[in-house]
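Both of the next two complexes hold chain A, though its partner changes from chain B to chain C.
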Partner chain A sequence: MPSRSDLKRLYDVGAQLAPMTHQQQDWPYEISPDAYKAYLQPPHDVGGQASGPSVFEEKEEELWELNTYVTCEVLGWKGVWNSEERRRIGNNDLGASLYYGFPYYGRWIWAAARMLVDKKHISLMELLEKIAEVKARHAAG
Partner chain B sequence: MPPAERKSLPARFEPGDRVRVKELPNLYYSRTQMYVRGVIGTVAVCTYTDLKPEDEAWSRDDAPYEQYYIIRFRQKDLWAEYPFDKDTLQTELPDSWLEPVTA
Partner chain C sequence: MAHDHDHEHDHDGGHPAAPMVAEVTDFEILEIAVRELAIEKGLFTVDEHRKFTEWAESIGPASGSRLVAKAWTDPAFKARVLADATKASLEVGIDWSQPTGFGTPSDYTEFRVLEDTPTLHHVIVCTLCSCYPRPMLGHSPYWYRSPNYRRRIVRWPRQVLAEFGLILPPEIEIRVEDSNQKCRFMVLPLRPAGTEGWTEQQLAEIVTRDCMIGVALPRADRKADDVRPVHAALRPVPHEEAGR
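== the complex of A and B ==
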């Protein structure tokens, strides 16, 4: 169980992900046509948007990234998903916060697991139990 | 089934044709960039036939294949403040997203 202060810290980090334009708009509310279009624009259609400076870092892929790549390709070769489903799930369906917040291959592996649950190859509870099992094994060394 | 044997819709355009990208709404998924919608470009190359992204993204594998094209746009038509007249941008779009430009 996380300590209550750890839990508070998680909530605080989550609150910071709310967009700067966020207003209390669950009820009653209306949104402008421009805001409506902006919300529905797929997150991966970034061409033309302003962006801040970024640091260019030259590095090799890490092992987890290569493993993710191979996993996603094998799922493709086996016919479990196609390249456009991968883009839809991994670029669009995860939403803007995760699209901008996760590393590139983090989006891939999120999409692969999501697809396996969507297509009923594994159940969500099986996935959660397996992640917890691997975490515990890893923590034990 | 190899792509050549797939049922494919007839290509409506050929290299040199002027086309306008349709202004369809965004909903759930798209590969058509916002900045080309409603803009007129020129067909540079007919590439291949395939499912359109809107079908492939939901595994509609029995949908008809259609022609893909490389469309060439003037950068000045895409970006209001673009400084150079001759620069172009190319992107690839399927037949469904294009409409003919007459005159």
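== the complex of A and C ==
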């Protein structure tokens, strides 16, 4: 069980992530037609949106990013999922907060984990136990 | 996400502005967990993962540089490239059906090369995700996948190219090719002045990755992309394993 202070920290962070539109979002009775359209705009369809000048820096690849790429591709190679499931469902249809909030390959590996559970290749409990096991292994050095 | 969170401290009264970067990140843990579970469940083998990793580490922009240099020196090859780039790729050693026999699961095998002219410049993007001619150019740079690049290059290409240091005169038309899941593109730039009589190998050395994306032009006096800020990895792919 998380401690009270752990929970407070989690809620504090979450409260800052939720209002992507800077409006109250607790299930309104009705929304305007404009808001309806805005919500249905897929977050990944960004072409033509305004944004400021940028420094297009080079990001060195993390080992876990290469491994994520390979794992997702090999799962595709072996027919465990197809490209549409990966891109549209797995990597893009996540809601704006998560789409922008995760690193690029973070969305990929999270999609793979979700897919394995959704397709019942593994149970959610197996995944959580494996994560705990890997964490413990790393903590032990 | 090109921003560095390390400096975003608790400066406004107790709001945790950014997540702490733990010793081992949640994504590193999740990646190991997913990979091990997939292997334990027999969804793929360690050998298959290794085979794909070896392929992923073997690709890089040098193949594209060879293709451009050969097209510059061999008009018949250039015609084959423009007619069927997937097939012509075989002549520079790139087989789009690798490493599985049907290509990579996400890249498909349709590839087109966009030829620049003195009055037309091409630049590629994938506005919806990050499609990139991976077998020919290797993995895309992070900025190519970034929402900022995808948002603006299709609407304000001259401004974005200027931020890369490429300022094109107004009489040159800019065509932005939006890649998609079924078809990948790369740019065949103009052969620059001052390279008369050069060998294919000499020419290939000046065709950098950015020239084939279209955010730079090849120059006789430049063998590398302009230096931009580099954001180092926490735990990078070990250099001796990376074949690029």
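Going forward, the second predicted complex is superposed on the first by the 122 of 141 C-alpha atoms of A that agree within 3 Å, B and C clash if a C-alpha of one lies under 4 Å from a C-alpha of the other, contacts with A are read in each partner's own complex, and residues count from 1 in each chain.
We take it that a contact is a pair of C-beta atoms (placed from the backbone, for glycine too) under 8 Å apart; a residue touches a chain by one contact, two chains touch by 3 or more.
Keep in mind the model is a prediction, meaning the values are calculated, not measured.
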### Query
Overlaying on chain A: chain B and chain C, fit or clash?
fit
### Message
Quick one: is A:Asp12 in contact with chain B, with chain C, with both, or with neither? Answer first, second, both or neither.
### Response
second
### Message
Output check: A:Gln41 vs chain B and chain C. Expected answer is one of first, second, both, neither. What do you get?
### Response
first
### Task
Report for A:Leu116: first if it touches chain B alone, second if chain C alone, otherwise both or neither.
second
### Task
Considering only the touch criterion stated at the top, classify A:Glu73 as touching first (chain B), second (chain C), both, or neither.
second
### Query
Which partner, chain B or chain C, is in contact with more residues of chain A?
C
### Task
Pick one for A:Glu85: touches chain B only (first), chain C only (second), both, or neither.
first
### Task
Would you sort A:Trp64 into first (chain B), second (chain C), both or neither based on which partner it touches?
second
### Query
After the fit on chain A, how big is the angle at chain A between chain B and chain C, using C-alpha centres and going to the nearest 10 degrees?
60
### Task
Quick one: classify A:Lys135 as touching chain B (first), chain C (second), both or neither.
second
### Gap in Å between nearest CA atoms once chain C and chain B share a frame through chain A
5
### Task
Once the two structures are superposed, pull the chain A residues common to the chain B and chain C interfaces.
45, 47-48, 82-83, 87, 92
## Note on the structure
Note: in the complex, chain C contacts chain A through residues 1-2, 15-16, 19, 23-25, 27-38, 41, 43-44, 48-49, 52-53, 56-57, 100, 104-106, 125, 127-130, 139, 141-143, 145-152, 154-155, 159, 163-164, 178, 181, 215, 228-238
#### Entry: Contacting residues of chain A [partner chain B, same complex]
37, 40-42, 45, 47-48, 81-85, 87-88, 92
### Task
Under the touch definition given earlier, write down the residues of chain B that touch chain A in their complex.
25-31, 33-35, 51, 53, 56-59, 79
### Query
So in the complex, which bits of chain A are touching chain C?
9, 12-13, 16, 44-64, 66-78, 80, 82-83, 86-87, 91-92, 100, 103-106, 109-110, 112-113, 116, 121-122, 126-127, 130-131, 133-135, 138
